[in-house]
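Each of the next two complexes has subunit A plus one other chain: subunit B in the first, subunit C in the second.
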Partner chain A sequence: MGRQLPRADVLLAVMGGPHVNDTVTSAVRLAQALLERGATVQIWTCGHATGLTKQSLGGSKPRNLENWEYDYPSSAMLAKELLDSFPEQLTWYSCRFCTEERGSQPHIEQIRLRPPFKFTEHLDAVDNALFLGVC
Partner chain B sequence: MDEYLLIESQGPWGGPGADRFVADAVRLRESGCPVSLFLVENGVTAALTGGAPVLHDLLKLGGQLWVDTFSLDHRALARERLLPGAQLVDMDRVAAKLLETGVRGVWH
Partner chain C sequence: MADHRRRLLIIERAYRGALETQFADVLYLARELNRQQGGTDILLRGLAVTFAAADPGPAPAMTVGRRKLETLPAPRDSVRSLLEHGATVWAEEVDLAAFETGPNWLRAGVRRAGPADPLPDWSTYRGVYFL
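Let's turn to the complex of A and B:
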């Protein structure tokens, strides 16, 4: 029997390369704003965006020479903190094909892998879907 | 009738797609749909005076023009340079709009 996806208010599909512009910042800002309003949110990462939640990133970014003492969280840590803060409202999925092709495994614990052909199920399970970074 | 929240992240210098996306906002408004156009990231540059002329059409037609405060400040762009009629908003307002019944969101 297939998995029944929980309903969600919004799906944020992060499809583009994560570090070519501010897409990830915008996606996280919007996700947090939605969650703080009590909404349920799904995040789906594809392509190189699957690398955002690699365990190997650790908790912090490399030190910034201009601000040596400051601890900048990695994208994986940002995702973990968001997931830990809203465990009942936020679900984070990552495309299995893109994850394997780009060596993004293992992800941090809370990330759920899904095959790409199941993506349409996510579209059916939400009221609004936003695609970030596809054009 | 559907209401639209259109989110433009690229701006006039990001390629022709940005202009066409904003033009879509105008066409939707012309057809009677309520439209809010939210400019974020480099998209905020379109709302500066001299940025994207088509935004005047959207405002004349009664469309909402929202500009992300964070993105504007991040780029050190002066708020005084915004087109009259543009509204500075934060992400909470965008989230609230997206959660309204009947609102369809599109990101470019």
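Let's turn to the complex of A and C:
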């Protein structure tokens, strides 16, 4: 018997990588809308999506030459803001294999690493699972 | 002898991650190349022709947690800026047909790459780059 995962209404499995299309934007918008309505949400990142929450990204993107003083938040900072805003409703997991393979370690502290061979436990812990993109 | 021919930048993949990209989209790169090269030609194809719409549309924004993120890419404004900075911007006419809803849809100053105003032959450019 493995550890019990918290139950959630929806799992958003972000398999597609960032900077390719608006998959990540859609996932975050969907998560935000669900959380604002009181739903419980699990996010799982695979492949290059594991890089969204790399600690090495810091809190800000590199500076914008056109707007030097403006602080643009990194994806890690935005993930942290989402997690800090809904601490009782949102859990963010990242695939251990992909995290190691794609050099995404270490993550920001709120991210929980899980081995891919436990993924079915995540499917069993939610009422609905949505896959976004492919690794 | 210096080669003063311009370079052609081709953009046909659009909307590549608003949240993670923000200001640093493909047009940010195009703007920097235009600056370095003292003027460049840019051809928008496929879905990217929507960057050349005159209507700025709603200001792109989204909420993440308690933060209002108002720094998402604004490609239509970036095209306006590119034109102001001396870039020549073309939009592929056959691709415009899927989006153009009237005679004022296309931003003034953007050239329609079609039979009436054909894009120069690629061989006349110093280089052609797909961004």
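The rule is simple: the second predicted complex is superposed on the first by the 133 of 135 C-alpha atoms of A that agree within 3 Å, B and C clash if a C-alpha of one lies under 4 Å from a C-alpha of the other, contacts with A are read in each partner's own complex, and residues count from 1 in each chain.
By our rule, a residue touches a chain if its C-beta (ideal position, glycine included) is under 8 Å from a C-beta of that chain, and two chains touch if they have at least 3 such contacts.
Because the structure is a prediction, the values reported are computed rather than measured.
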Subunit A as common anchor, with subunit B and subunit C clashing or fitting: fit
First (subunit B), second (subunit C), both or neither touched by A:K61: second
Spatial angle subunit C-subunit A-subunit B, Cα centroids [nearest 10 degrees]: 60
Partner chain(s) touched by A:Y72 [first = subunit B, second = subunit C, both, neither]: second
Partner chain(s) touched by A:R37 [first = subunit B, second = subunit C, both, neither]: first
Contacts of A:D9 with subunit B and subunit C, given as first, second, both or neither: first
Touched partner set for A:N21, first subunit B, second subunit C, both or neither: both
Subunit C versus subunit B, contacts on subunit A by residue: C
Touching partner for A:N128 - first (subunit B), second (subunit C), both, neither: first
Partner chain(s) touched by A:R29 [first = subunit B, second = subunit C, both, neither]: both
Partner chain(s) touched by A:R112 [first = subunit B, second = subunit C, both, neither]: neither
Minimal inter-chain CA distance - subunit C and subunit B, angstrom: 5
Subunit C-contacting residues of subunit A that also contact subunit B: 21-23, 29, 32
In the complex, subunit C residues that touch subunit A: 15-24, 28, 31-32, 62-67, 69, 71-72
Touching residues on subunit B, where the partner in the complex is subunit A: 7, 9, 17, 40-42, 70-71, 74, 90-92, 94-96, 98-99, 103-108
Residue ranges of subunit A touching subunit C (in the complex, touch as defined): 18-25, 28-29, 32, 52, 61-62, 64-67, 70, 72-73, 75, 78, 81-86
Contact set on subunit A toward subunit B in their complex: 9-10, 21-23, 26, 29-30, 32-34, 36-37, 39, 128-132, 135
